[in-house]
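Supplied in C-alpha cells, the structure appears directly below.
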Amino acid sequence: MKSIILKTASNYLLPLLLLFAVFILFRGHYKPGGGFVGGLIASIAFVLHAFANGLQSTRKLLRYPPGAFIPTGLAISLLSGLAPMFAGKPFMSAEWLSIHIPIIGLLGTPLFFDIGVFFVVIGIALTILFTISETIL
Amino acid sequence: MLTLIWVMLTGELVVVNFAFGFILSYVILWIVGEEDDSKRYFTRVPAIISFIFFFIYEMLKANLHVAYDVITPRFFMKPGIVKYPLDARTNLEITFFTNLISLTPGTLILDVSDDKKVVYIHVMYLEDKDAFIQQIKGGLEKRLLDILR
Amino acid sequence: MSDILIMFLCTVGSIVVLIAAIGIARMPDFYLQLSVTIKAATLGIGLLLAAAAVFFADVSISTKVLAIIFFLVLTAPVAGHMIGRAAYLIGTRLWKHSVVDELKGKYNDQTHQLESEEGEKQ
Amino acid sequence: MNLNEYLTYVVLPILLLAVLLVAYRFFKGPAIVNRVIALDLLITIGIGIITIYSIQTGQSTFLDDAMILALIAFLGTIAFSYYLEKKKENE
Amino acid sequence: MIIAVLSGFFFAIIALLSGKPIRKNMGWIPALLPLTLFIYFFSLLPALASGPLRFKYEWVPSMGVNADMKLDGLSMLFCLLITGIGTGVFLYASYYLKGHQYLNRFFCYLSIFMAAMLGMVLADNLVLLFVFWELTSISSFFLIGFNNEEKISRRNALMALTITGAGGFLLMAGCILIGSASGTYSINSLLASAGNLQQHTLYGWMLLFIFAGAFTKSAQFPFHFWLPGAMVAPTPVSAYLHSATMVKAGIYLLARFTPILGHTAPWNITLMIVGGITMLYSAFHSLQRTDLKEILAYSTIAALGILVFLLGVGTDAALLAAAAFILVHALYKAALFMVAGILDHETGTRHVGLLRGLGKVMWPVATAGLLAALSSAGVPLTYGFIGKDLIYEATLHAPSFAVLLTAVAVLTNIFVLYAGFQAGIRPFAGELPQQYRQLHLPGWRLWIPPLVLALLGVVFGLLPSLTDEALIRQVYTSIGGQGTLPPLKIWHGFNTVLLLSGITLVAGCLLYFLYAPSAAFRPLTDKWQHFSPEAITIKCSRAFLKFSNWYTNLFHSGYLRAYVSIIIIFITCLLGLKLVLDVKVYFDIKTNISGIRLYDAVVFAIILAAIWKSVSTSSRINAVASLSVVGYCICLLFVIYSAPDLAMTQFTIDTLTVVLFVLVLFRLPPFLKINDRKVILRDAVLAALFGAVISIIALEAMNEPTTKEISRFYAENAYVMAKGKNVVNVMLVDFRGFDTLVEITVLTIAALGVYSLMKLRVNSTTKE
Amino acid sequence: MELLLLILIGILYATGIFMMLRRSMVKLLIGLILLGNGANMLIFLLGGITRGKPPIIGETDKVLTGVYADPVPQSLILTAIVISFGLQAFAIVLLKRVHALIQTDDLNDLNTPDTSI
Amino acid sequence: MTDRYLILPIIGHMFTAVLLIFFWRKVNTQRIISVLGSLAVMGLSVGLFIKTYRAGYLTMQAGNWQAPFGITFVADVFSSTMILLTGFTGLAVCVYSTVGISRQRIQYGFFPIFHFLLLGLNGAFLAGDIFNLYVWFEVIIISSFVLMTLGGRKPQVEGGIKYVTLNLLASVMFLTAIAILYGLTGSLNMADLSLKMSAIPNKGLVEITGLLFFIGFGIKSAVFPLYFWLPSSYHTPPSAIAAIFGGLLTKVGIYALIRVYTLIFVPDPFTKQVFLVIASLTLLTGAFGALTKRNMRMMFSYLIVCHIGFLLGGIGMYTRLALAGTVFYLVHDIIVKTNLFLVSGLIYKIRGTMNMDELGGMYEDYPRLSLLFSVVFFSLVGIPPLSGFWPKIYLFRETFTTGAWYLLAAMIIASLVTLYVMAKMWGDVFWKKGQEMENKLTDDFSGMNWKKRGMLITPVVFLAVLSLYIGFFAQRINVLSERIANDLLHPEPYIQAVLGADAVKTPQSE
C-alpha cells in the first residue's frame, strides 16, 4: 500500500511505538504490562512499518532476520532461569541485585526473563507475519 | 523528542529518568535508522503552541457546525470530492497537513497523488469549490508551513 | 470545584461522542459517516481523558493522558485516510446528493497509481 | 448528586447509547468499510468508557489499557484497508 | 532339562547364520541335535519309575510365571516322540530339501519348533505351557508357508495360524482363569486343587477356553480344515508337525488337564461328541481324496478324533488306550507321510491314481510303507493291533452307550485302514508304469527314517512289554489312570475285541480292493460344501471383513464435521448422563450472582449480536470483523472486571489476529452457500445442547465455595518476597514463570511451523 | 453479572461448535477461536469476578488488601491467550496452505487420506 | 526429597533445541548436535530413573516457591520410567532421522522441533501442576502440528487439518476441565488438588470434572469415539515423525489420564463402566480398522487405536494388577510402536510404497532385515515370551476378578486381529514374490553406504533389543510395573513429597 501519509506517519510512529513497547516491558512488574504485551506492541510497530513501506524496507531496517530474535530471547530467558542453579537454588529462582533503577525497579533474573519473553514475542510475531505476507501462494 | 515522550509516559521527572530516556531514545533511533530532521522540533515551540490554539478553535467551530447538522432531522450537506493543489512538498509537511484536514470536521483526505502535487479532499459542505480551497490555503496550510519551514 | 470541572468535561465529551455516534448511524454514505466519526470521537475522548487528568490530579497521570490524546490525534486521521482511500478504490458510492467528484477516473486500475491531472494518464 | 453518581447515571448512559448507535451501524453495514469505521469508533468509545470507569473506580491503572487501545486500534483499520485494496488488486 | 529346550533355540540361530555349509553337504549335522536329545531323554527313562523329574527356575515370579519343568510319563512319551521322530525328520529333510536355497532357515524353524514342543510338554507352569504353545503355532506358520512364493502356501499358513491363534488366545484366557481361580499357575499344584476348580462358578468357561485351545490345535471338527491345508508344507513338516507332534499338542493339553478338570459330565460328553464327529467326518472325507498327503491328513484328523474321543470316554481303559495310541499313531503316520514324501520327491506326483508298482524300484520304501500300513490297519503282530485292541476294549466297557461308541470306533478304523493302505501299499503294488522305470532308490537319509519307524511298529507289536511298564504305564498314571489294568499283550484270546478287529480288517480290505480312490463322491459332498465348516468360516470371515469395512467407514468417513459431531455427541451424552444421574442442579441467584449493571448488559448484548453476525454472515471479512468485536468486548469485560493485563494482551492479540486473517483471507473464495436447513437445525440443536451442558457444569462449579489461600499467598508476597507490584506479572515471571517459559516455547514452535509451512516444498520423490 | 457470563460462556461454546460443524475451513477457524474465548471466560468466571480492583499493589502498599481480583485466573488466561494465538497463527497458515494446494475452502474436499485404503 | 537437577531432561532438550535454531540450515551440524543432545538427555534420563528408583519421589519447586504456590515438578517411578522410555525412543528416532529425514526438512527446522516435542513430553511427565501440564500439552501439540505438516505435501496438510482441529478441541476440553477444577478448589498443584478434591462434598460434580479430563485426554489418546484424527493423519508424515508420534503421543494422553485418575480423582463405578465400555469399543474399532487397511502405515495407525484399548481397559478395571498390566503394556507399546513405524520407514525406503498389494519379496532380498523386523512384529502381536505378551496376563486376569467379560472378549478379538493382520502383512510384504522391477529401481536403501545404512538400522536393532529385554527379563519390568501401580493407588507419599510430611493427616475414621 503506497500512501505517503501512512508512510510518513509510520516512520514517526515506529520509534514511538518501540519506545512505548520498552516502557510497557519494563514497568510490567509494577503496573499492567510486561514482556508479552511489550513484545506484541513492538512487533505491531514493525508490522505497521511494513504495511506502509513494504516488507523489504522493514527487513532492511531490522538488520537481522526476525527469526534471530527467537533463539536469542529464548536463550536469555533460559539462562536467567538457569543462573540461580549455579547459585545452588532451583531452576527459575528469583535473584535480585540491590540496585534500584527508576521505572525498571530492581534488577533481577525475572526482569531478564521478561526481556527474553519480549524478544521471543517480537521474533515470533514478525516471523509469522513476514513469512505470510511475503509468500505468494 | 523521544526522550520527552518517554518522560511523559513514565511520568517521573527525575534526572536519572531523563538520562535513561535519552539513552533509550538514542538506541531506538539507532535501530530505526537516521532521522535527519528530528532535532528541529525544539526551536519552534512557541509557533507550535499558537498553531495548536488556532487549530483547536477551527476544530470546535467546525464541530459545532457538523453537530448541528447531525442532530437535526434534515441534512444540509453538499458533499463532494475536491482536488486541492498542494504547496506543501515534503512528506512530513504533507502528512501534517492532511492529518489536520482530516481532524477538522467536514473534511477528509482521501488520497495524495503520486507526484505529490494534489490531494483529494472529501468535503461535507461544499458551497463553492474555489472559496473552500482559498480558505484552506490562506489559513491552515499557510500557518502550518510557517511552523514547519 | 474540580468535581464540577470533571462533570463538565465528561458531559461535553460524552455528548460529542454521542453526536459522532448519531452521525455514523444517520449519515447517508460512507464518506460522510467517516467524516463525522474520526474527529468528533477524537475530540470527545480527548475531553473525557482530560476529565480523568483533572480527577487524578497527578503529573504522571496527566502526562499519560496527554500521551493518549497525542496518539489518538496522530493515528485517527491516518486510519481515516486509509479506509477512505480503500473505500474509494473498491468503488464505494458517494451519496446521491454529492455535488462533485474530482477523483473519479484518476486511479489507474492496475497499479492504483493516482494521477494529479486527468490528462497525464494518456 | 456526587461525581460518581453523575458519571453512572448521566455520562455512562450517554456513552452506552453512543455504543449502541455505533453497533447499529456495525451490524447494518451495508458494506465492509462501514463496519470497519464502526469498529474503529467502537474502540474509540471504548477508550472513553475505560476512562470513565477508571475515574469511577479511582484506578488509574485502567488508563494504561486506554493507552494501548489508542495506540494500536488503528492497525486494525489499516489492516482492513490493506485487505480491501489487495482484494481489489486480485480481481 | 531347560538346556535341552533352549538348545533348540540356540541351534536355530546357529542354523540361520551358517547358511552355506548346511546347504552344501553338511545337511545331516542338524540331525545330531534331536538325536542327542533323544539319547538324553531315553537315558532318563529308568529314573522315571521313581516319580517325575523336576526342574525349577524363577522367571517372572511376581506374576507367578516360572520356568518350572516336570518330566513325567506323559511328558516323556512326547519328548521321546519329538526327539525320536525329530531325528528321523531332520535326517529325512536334509536329503529331501538338499541344496534348497533356504535349507538353513528350514532347519532354524524346525529346531525352534522342536524346542517349543519340548518346552510345551515339559512345562509345569500354565503360562509357560502357553508360551511354548504359541511358539509351536508360529513355527508352524513359518513351516507351512515355507514355499513362500506360492499364494496357496501363504494363504494356508495364514489360515492355520489364525485358527490355532484364536484357540491360543482363548487357551491363554483359560490358563489365566484357571490360574487366578486357583491362585497358582503351577500345573503340579493344580492337581491338588482339582476339586475346587470343578466346583468353581466359572468351571464352564475354563472348559470352554481349554477346549478351544485343544480343538483348534488338534484339528477337531469344526476347526479341522486348516490341517489338510497345511499339507502345502514340505513333507518332512507334514510328517513331523502335522501328524506326529504338533497336532497332538491339543491331545497333550487335554491329557494334561484330565486329572485337573476331567471326569465330569461336561468334559466327557463334549470330548466324546467332538471326537466322535471328527472321527467319522474326516474318515469319510479321506475316501474322497486322491492326493496322498490329503488322504493321510484326513486320517490323521480321524486319529486325533479317536484320541479326543478316548479321553472323553475317560475310563481307565480308555486312558490306557489313548496313551498307547498316541505312540502307535505317531510311529505309523510319520512313516506313511515320509513314504508319501519319497514318492512325491521321486515321481513328482502324489496322485494315488498315477502311482503304481513302485515297489520294484524302491523296495525298502515299499517295506516301510507296507509295515506302516499294516500297523495302521491293526493287523495282528503289529503295534497298531495292540492299539486298536485297547480302543475296542475301552469302548466296549464304556459306562454308557457302549455299543454306539464301539460302532463309531470300528467304522473309523475301517476308514483309517483304508487310508493307510492307500498310502503304504497301493503305490508299490501292481505294474510299474513306463515313465517310472528309470527311477532309483533315493539316498539312505530318505528311506532309513520311515523304515526304522515302521519297523519299530512291528517290534513293539511283537514285544509290547518293551513299552508297557517303562512308558505307557507312566503315561497312564500321569494322565490320571488309577486302576490296575492287565499288561499289554499280543494275544488276549478269542473275544469280542478280536472279533471287532477282524471285522475291521475284513471290511477295510474289502473297501480297499473294491473302491478305488476317486473323486466320485466329490459332487455329492460338494453339494454340502456350502455348509462345511471351512466354507462357513470363510463366509463368516468375509462377512466380518465386510462388516469391518462398513463399520470403519461409518465412523471414519473422511468428513471432519462428522468427526466433530460424533465427538460432541459423545461429550454431550456422557456429561449429560452424568449430570442427570448424579448432580442435583440448584441455582441460588442471591448468594452467587452480583447485580447486572447497565454497561454489562450493553456489552453482553453487543457480544451476542457480534457472535450472531459472525455465525450468520456470508462474507468472510464480515465474520472476521464481527469476531474482533467479540474480542474487543471481551477485552472491555476484562477491564471492567479488574484484569488490565488481560485486556491489554487480548486487545493486542486480537488486532494481530485480524492482521493475520487479512493477510491470508484475501485470496480465498467466498463462503460456500450451502443452506440445508435440516442440517443447520440439527447442528444448532447439538451445539446448543453442548453449550447448555457446559453452562450447567460451570454453574454448579460456581456454586461451590472456594478457599482462596493460594491467591492470598500471591497477594501477600508479590511485593514482599517477589519484589513486584503487579501480581499478575509477578506470577508470570516469577511464581509461575515456568509456564511462561513453556509458553514462549510454544510460540517459538508455532513461528518455526509457520515458516516451514509457508516456505518448504518437499519434492514428492523423496522417500522418508 | 455472573448469570450473563454463564450464558455467554454457553453461547461461545455452542457457536464455536456450530461453526466447527460447517463446511468451510475459515468457519472452522472462527469456531476454534470462539471456543478458546469461551474457555478463557470460563476460567475468568470460575476464578471469581471482582469489579474495579485489579490485583496491583498500590504505590504505598506492600500487600493487596480488602477485595481484589484473583490474579491466578488472570495469569492462566494470559498464558492461554498467548498460546492460542500461536496455535491460531499456525492454523491460519495451514488453512492458507491447504487452499493453495487444493483451491478450495470446502472441508468436504479433504478426505483423501481417510477414505483411501 | 527435593532435587533441583530433576528437570535436566527438560532443560537438556530445551538447550539442544535453542542451540539448533542458532545453527539454522546447517544440516550436518544439526545432525550432530541433535544426536549428541539426545544422547545426553538419555543419559540424564537414566540418571533420573536410577535416582528416583532409589528415592521413590523427587520434587523440584520451580522458582523456589513452595508447593502449592509455585510450579512443582515431581518425579516418581512412573514419570521417570516414562522419561526413560522417551529418552530411549527419542535417541533411536533421532539417529534414524539423520538419514531418514530429507535434507530439506532438516533445513526447515525438523530437529529443533523434534527436540521441542521431546521437551514437551518430558515436561508433561514431570509436571506436578495441572496447568503446567496443560502448557506442556500445548508444546506437544504444536510441535506435533508442525512435524505433521512439515513439508506441506497434500495428504500431509489434509490430514493435518483434522489433526489440528481435533487436538485443539481436546485442548479446549482440557482447559475447561482446569477451569472447573480451579473454580472448585482454588488450586492447581496436583498434590494439593488431591487433598482438596477429596474434601468436596458434591461428588457428582467432582466426577463430571474428571470426565472432562477424560474427554480431553481421551481425544489425545485416540479412544473410541474420539480417535478420528489419528487414522486421518498418522500415515501422512515421514516415518521418523510417525514413529515418535506412534510411540509416544497417544501414550502421553494415557499417562495423564492415569495421573489424574489416581491422584486427583478416583473413578466411581459409573466412570469405571464408561472406561471399560469405551476400552472395549476402542479395541474393536482399532481391530476392524486394521483389518480393512491395505496401506501398512494406515494399518499400524489403526493398531495404535486398537492397543490403546488395552491401556484404557486396565485403567477402567482399576485394580492394582490391572494398573500394573497397563503400565507394563505402556512400556512395551512405546518401544514397539516406535520401532514399528521405523520399520515401515525402512520398507518404504527400500520399496517406495506402503501399499501391501504392491509390496513383496523382502524376505528374498533382505533376509536378515526381515528377521529383525519379525522380532518387532512378534513383539507387537504379543507372541510369548516377547514384550507384548506379559501385560496381557494381568489384564486378562483382572477381567475375571472384575467380571468385565466384554473387555476380555474385546481383548481376545483385538489380539487375534493383530496376529492376523501382522501375519497377513508378513505374507504380503515379505513372502510374496517381489513385484515388477519398477519398485526395485527406486530402492534407496541398497544405494547407501554402510554409515547411512547403520544410522537407519541401528535404531531398529536398539529398540528391538529393548523389546527383547522386556520380554525375557519381564520380571524386572513387572516388579517395576507393580511398584508403579502400588504408588499410583497410594498417593499419600506423593502428596507428602510435594507438600511436606504433615500434609496428609492420618485417617481419623476406622
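Note that the chains are named A, B, C, D, E, F and G in the order they appear, and that numbering of residues resets to 1 at the start of each chain.
What we mean here is this: a residue touches a chain if its C-beta (ideal position, glycine included) is under 8 Å from a C-beta of that chain, and two chains touch if they have at least 3 such contacts.
In UniProt terms, the chains line up like this: A = Multisubunit sodium/proton antiporter, MrpB subunit (TC 2.A.63.1); B = Multicomponent Na+:H+ antiporter subunit E; C = Multisubunit sodium/proton antiporter, MrpG subunit; D = Multicomponent Na+:H+ antiporter subunit F; E = Multisubunit sodium/proton antiporter, MrpA subunit (TC 2.A.63.1); F = Multicomponent Na+:H+ antiporter subunit C; G = Multisubunit sodium/proton antiporter, MrpD subunit.
This one's a predicted model, so the numbers in the text were calculated from it and none came from an experiment.
Enquirer: Both subunit A and subunit E are touched by which chains?
Expert: Of all the chains present, those in contact with both subunit A and subunit E are D, F, G.
Enquirer: Looking only at C-beta pairs in contact, point me to the busier pair out of A-C and E-F.
Expert: E-F
Enquirer: Measuring between mean CA coordinates, which chain is farthest from subunit E?
Expert: The most distant chain relative to subunit E turns out to be B.
Enquirer: When the mean CA coordinate of each chain is compared with the mean CA coordinate of the whole protein, which chain is closest?
Expert: If one averages C-alpha positions chain by chain, the most central is G.
Enquirer: Can you compute the centre-to-centre distance for subunit C and subunit G, using the mean CA position of each chain? Integer Å is fine.
Expert: 57
Enquirer: Which integer distance in Å separates the CA centroid of subunit D from that of subunit G?
Expert: 48
Enquirer: Whole-Å distance, subunit A centre to subunit B centre, using C-alpha means?
Expert: Roughly 30 Å, centre to centre.
Enquirer: Taking each chain's centre as the mean position of its Cα atoms, how many Å separate subunit B from subunit C?
Expert: 12
Enquirer: For subunit E, write out the residues touching at least two other chains, lowest number first.
Expert: Residues 553, 556, 558, 560, 564, 640, 644-645, 648-649, 652-653, 655-656, 659-660, 664-665, 667, 694, 698, 701-702, 706, 708, 710-711, 714, 725-726, 728, 732, 734, 736-740, 743, 745-755, 757-759.
Enquirer: Can you pull out the residues of subunit G that are in contact with at least two other chains?
Expert: Answer for subunit G, listing residues that touch two or more other chains: 14, 21, 62-63, 131, 135, 138, 142, 145-146, 149, 152, 161-162, 165, 169, 176, 179-180, 183, 186, 188, 231-232, 292.
Enquirer: Give me the residue numbers in subunit F that touch at least two other chains, ranges are fine.
Expert: If we look for residues of subunit F contacting two or more partner chains, we find 16, 20, 28, 38, 42, 45-46, 51-54, 56, 72, 78-79, 82-83, 86-87, 89-90, 92-97, 99, 107, 110-112, 114.
Enquirer: Among the chains present, which pairs are found to touch?
Expert: Every pair of chains meeting the touch criterion: A-B, A-C, A-D, A-E, A-F, A-G, B-C, C-D, D-E, D-F, E-F, E-G, F-G.
Enquirer: Which residues, counting only subunit F, touch subunit E once they are in their complex?
Expert: Touch residues, subunit F against subunit E: 1-24, 26-28, 30, 33-34, 37-38, 40-42, 44-46, 48-58, 61-64, 68-72, 74-75, 77-79, 81-83, 85-90, 92-97, 99, 104-108, 110-112, 114-115.
Enquirer: Which bits of subunit G are touching subunit F when the two form their complex?
Expert: Result: residues 131, 135, 138, 141-142, 145-146, 149, 152, 154-155, 157-162, 164-165, 168-169, 171-172, 175-176, 178-180, 182-183, 186, 188, 231-233, 235-236, 292-295, 298 of subunit G touch subunit F.
Enquirer: Give the list of subunit A residues in touch with subunit B in this complex.
Expert: So the residues of subunit A in touch with subunit B come to 2-5, 7-9, 14-16, 18-20, 22-23, 27, 61, 101-103.
Enquirer: For a test of understanding, state which residues of subunit A touch subunit G in their complex under the given definition.
Expert: The touching residues are 67, 70-71, 74-75, 78, 82, 84-85, 89-94.
Enquirer: Would you mind writing out the residues of subunit D in touch with subunit E in their complex?
Expert: Interface residues on the subunit D side: 12-13, 16, 19-20, 23, 26-27, 29, 32, 35-36, 39, 42-43, 46, 49-50, 53, 61-62, 64-65, 68-69, 72-73, 75-76, 79-80, 82-83, 86-87, 90.
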